Amino acid sequence: MSTTSAEIKPGKASLFYDPKIRGYVYQFALLAVVGFLIWSAASNAIENLRAQKIASGFGFWHNAAGFDVNQKLIPFSASGSTYGQAFWVGLLNTLLVASIGIVLSTFLGFFVGVARLSSNWIVSKLAMIYVEVIRNLPLLLQLFFWYNAVLKPLPNPRQSIELPAGALLNNRGLYIPDPQLGPGGSLIVWAFLIGIVATFVFRSWARKQQAATGKQYPTGWIGFGLIVVLPTLVYFITGRPITFIYPELAGFNLRGGIQIFPEFVALLIGLTTYTAGFIAEVVRAGILAVSKGQTEAANALGLRSGPTLKLVVIPQAMRVIIPPLTSNYLNLTKNSSLAVAIGYPDLVQVFTGTVLNQTGQAVEVVAITMAVYLTISLVTSLFMNIYNKRMALVER
Amino acid sequence: MGTGPGLAELNRERENPFHQTGDNNMKKVMRAALLAAMGACVAGSALAQGGGTLAQVKGKGTVTCGVGPGLAGFGIPDAQGNWSGLDVDLCRAIAAAIFDDPAKVKFVPLSAKDRFTALQSGEVDLLSRNTTWTMSRDTSLGLNFAGINYYDGQGFMVRKKLGIDSALKLAGASICTQQGTTTELNLADYFRNNKMKYEVVAFASNDETVKAYESGRCDAFTTDASGLYAERLKLSDQSEHIVLPEIISKEPLGPVVRHGDDAWLDIVKWTHFAMLNAEELGVTKANAAEMLKSENPEIKRLLGTEGKFGEAVGLSNDWAYRIVKHMGNYGESFERNVGAGSMLKISRGQNALWTKGGLQYAPPIR
Amino acid sequence: MTDATTEMAPYAFVRKETLEQQPAPLSVAGPLAWIRQHLLSSPLNIALTLLCLYLVIDSVPGLIRFYFLDAVWSGTNRDACLADKVGRPVGACWAYIADRFQYFIYGSYPINQRWRVNIVFVMFALGVAWLLWTSAPKKKLGIFFFFVLLPISAYVLLLGGAGAENFLRTCMIVTLALAALYVILSFVPQIVRFYIGDAALAVVEQLPVWKRFFGPKQLVLFALVVFAFLSLLASGPGLPRVDTGLWGGMTVTFLIAAVGIVFSLPLGVVLALGRRSRLPIVQLLSVIFIEFVRGVPLITVLFMANTMLPLFVPQEYSPDRLLRPLVGVALFAAAYMAEVVRGGLQAMPKGQYEGAMSLGLGYWSMMRLIILPQALRIVIPGIVNTFIGLFKDTTLVTIVGIFDFLRTIEATLVDPTWATPTTRATGYAFAAIFYFLCCWGMSRYSIAVEKRLAAGQKR
């Protein structure tokens, strides 16, 4: 676009060469082409749907589903539940695996990223091998590996591996004891919640005190006392009201306890380790972006390497880390759709798989699924942008 | 990058304008020509044709037949890519009736999830792959079922060492199934009716389902009984698994065509009936030529030596003779693919002719 | 100080010759010091070192024993890999890989036609080497080969049949027509005076006949050679049609990756330009497309391509089953490519744009001659990284029923011929080696290019 030349000699340019007019013409042509494409796709779709007598619209949402799902966070059964409820079951399963995966992969990723920069040769080499291997293999292959080669060959329920605290592991999943609250048991939960809130309050108070007087308080120990010791005390005071239902063999499977399905575990391990490989690189790049002078200055002030990392390096590195970290979180959420390959009932498996096949309404089902992921993506980016701005404001 | 005979025409039409402007600017010409060529390569995926399916099939010179992605006895390719099976035989019989050549079939392997879209979109001319005839499929998907070439029902396969002999003892079991099938719904119904609890593990592909069952993830594997026998062949320790006696559903399997093309529906329907009638009348692949001289009026009408029944459906009058000559009758096809002559060794049972106590019954050619 | 004074000096203890250099003390140099510094510098580090050593010693010998020492290298069926049949502990069953190797490469492609796939492989390797080898001659020719001739050849060779041969014939006719055009132009360049202008014409006329319009002539000649080669194959051994349902294995994996890069890169450049455009509608449409595609998982795009694409076109043009995921992957990769290219465009100093404009170049000439060559060069590492992602993502087509390499591995795992306790570990290890070598090789290349580019920026 030669806007500049047009501004200098506006009189000379003929209508044909006027960049403004040209711009309008180009845009109009593009709009016309895109509009035509959309129109023809839509009219073809309507024509095809009518010819094939496929129902359209979202009426199927309230129809009875008639199938079962093994892992469900809300009540769902073949009798009486609708396709709409199947959608929520799938969505919640997606969100469950994504949120746990995000937390775990953040920890693992930071750990590996810091390990790669460790002065310990063997630690940094092992971290490098981990990152290289994980990042250069397709996630689907890793999921197949975890599911088919690691979890499926576990022993059958009759020969379950016994883990500490009454948990059992077999090829049907991990069974952990199910805690049951007796009379007064809710007090423990309250104590736990109060402990958490009190810890936060104390921490912000301690910070203010430190800023004002320079006096430091052992926030870590007090937090531990509030969150762990307090509920434990309440537990004993109320006369140990928590009982556990232990899993035990009944018929084919184990009964009782909380069952964590192997599909879920495989997906979680796969997503966590895969994303952690990428987060590790992000963290490493972020830490390397903090100039060495900062570390040296911190050392000169007498800070040890732990506090240096915690108080000087990481806060500055976070500014570099957060944007790519966000996109890795989103990737993890999107990658959770690979669940369909190993039979974990996530949104894609339940909704784009079973519901699409039972109703045959491809357009509506795929559109809803895409809209869900798009919403998750946009909302996450929005929050991360806000957070990012807050971090950036600290800069002078 | 699809193709079709239409490509050449498309390109020839596009050439001329470029030649006219050719001497104006060579670089643009070359770029445009190559772009057009690539565009044609991408766009030209199929030939636009009018008329019914039969006219299209005759135009293409092949029947495009949607089959299963590999179910022993019903439709499975060998290492060289040659398809065989009961459903495959029906496709070949249709090709034989139209072209007098059973090889003029193009097989498109379709998963359970894709099969109806493929038929609806015109990608295949008919679907012959273990598809259960249900009311909703017949009425709301824009499909027509052209008969029942195998009466089936859903069953369960379990390991022998579980020591159970009835599906009613499966309470609390984990059950592997393939998603997107009627199987998933029948399973839910059965356990609900019998007030038993169970844990369903659903997979997108049949292979994954079988693998999960084999590895012990599930206690039982459920699909159509014929499928259970076929899948058992794939297990490394076949004798360790048994099929439970309960059949929990009616699964009439048959070929499917698009709604609205009755002439094509007739051809598919009557190809199946011709094979049944041939068995009933004792016409086989071996004696078909001899039977042409038969005096039995029913055989004469079947083989086209009397009457003009073939012309009525748009084929030649010896259409049924062609079918039997190339593919044999229904009984032969059954024995060869799933019966005693095959690895599956399924007994005729419900699929015997009505004269022998089964359900296979064809209207007369008259 | 003079020499004499030194000699006469009373300090007898002053050495006259230089002392032999001593090795550094063991505590700061040499292997021991290295170990101390890198492995045992603090109690925490000692603990970490011991933990890591334990991990290595615990896993590595076992892996070596499983995959090499106890492995079975030859055999014809599962009996070769069953411990009780062989009478010794059995590790990886490489015999199974050897037995199924052809299947992993070609899928069910007819055996007597597999030479066609091989030719495409060779051409692909040639094209990749041409583009990636930074000092290869005739880069433009290489780009033309990779982005135009290779797709045409691959289409004609892999699919074959009457349609492909007609298409080849058309390409041949177009090329021949262009060749004739350039022969005429070489002798009478005056014809195109009004297109290239008087000045350029004068330059052209100075050249000897055979050197006029040398660049385009080269391309046409090259295309002619390739098409003649294909025609020779078509008329000699013949190219019967091989339906896409039979394609499989690494062929399909490479095909999807190649289609992804060939179509996504130009499309990505267009989208990036659109996003940076000053025309609001162009910008809006580009942003919508890019953000939409980047916001959804590839699987849903593949599902959409698989189930919705056939609905969006008239029934008689229903796309081939392999074509659908190819379209999906190409569009998906284009959105990511667009963001990478946009990074390059943004990194261009404004002076480059202004310089180009002050020379009187129009938008497209400016982009083609000044901006894109520089912008694309600095984002080569980004492009390669996107491509690594694309290559890994090709595995997802498994889910919509395409027989890519990973699917062929999975398919052989359910085959009772080779059902042994170690087959699965072997198959996955083989797949891992394949994907790792491809992706790791590409990432090394990307790092090398990055270093080369950085070297140019150093002062």
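Brief remarks follow.
To keep things simple, chains are lettered A, B and C as they appear, and every chain counts its residues starting from 1.
Definition applied: contacts are C-beta pairs under 8 Å (C-beta built on N, C-alpha and C of every residue); 3 or more make two chains touch, one makes a residue touch a chain.
Since the model is a prediction, treat every value here as computed from it, not as a measurement.
Chain-to-chain contact here is organised exhaustively, every possible pair of chains being in touch. Taking A-C and A-B together, the pair of chains sharing more C-beta contacts is A-C.
With respect to chain C, maximal separation of chain centres occurs for B (centres as means of Cα atoms). Averaging C-alpha coordinates per chain places the centre of chain B 40 Å away from that of chain C. Distance between chain centres (mean CA atoms), chain A to chain C: 30 Å. Centroids built from CA atoms put chain B at 42 Å from chain A. Contacts with at least two other chains are made by residues 307, 310-311, 314-315, 399, 410, 413 of chain C.
Within chain B, the positions touching two or more other chains are listed as 117, 121, 204, 211. Annotation for chain A: residues 48, 51, 148, 340-341, 356, 362 touch two or more other chains. Residues 112-113, 116-117, 120-121, 140-142, 162, 170-174, 179-181, 184-185, 187-189, 192, 198-204, 208, 211-212, 215-217, 219, 258-260 of chain B touch chain A in their complex.
By the touch rule above, chain C contacts chain B in their complex via residues 78, 108, 110-111, 148, 151-152, 155, 159, 161-164, 166-167, 169-171, 173-174, 177-178, 181-182, 185, 191-192, 195, 213, 216, 219-220, 241, 243, 245-246, 306-307, 310-311, 314-321, 323, 326, 399-401, 410-411, 413-416, 419.
The touching residues of chain A, counted against chain B in their complex, run 48, 51-55, 66-70, 78-79, 148, 152-153, 156, 171-172, 250-253, 255, 262-263, 340-343, 345, 349, 353-354, 356-358, 360, 362.
Considering their complex, residues 37-39, 41, 45, 48-49, 52-53, 55-56, 278-282, 285, 292, 294-300, 303-304, 307-308, 310-315, 357-358, 360, 362-363, 388, 392-396, 398-399, 406, 410, 413, 424-425, 428, 431-432, 435-436, 439-440, 443 of chain C touch chain A.
Of all residues in chain B, those touching chain C in their complex are 1-8, 11-12, 15, 18-19, 22-27, 29-30, 33-34, 37-38, 40-41, 43-49, 69, 77, 79-81, 106-109, 111, 114, 117-118, 121-123, 204-205, 207, 210-211, 214, 233-236.
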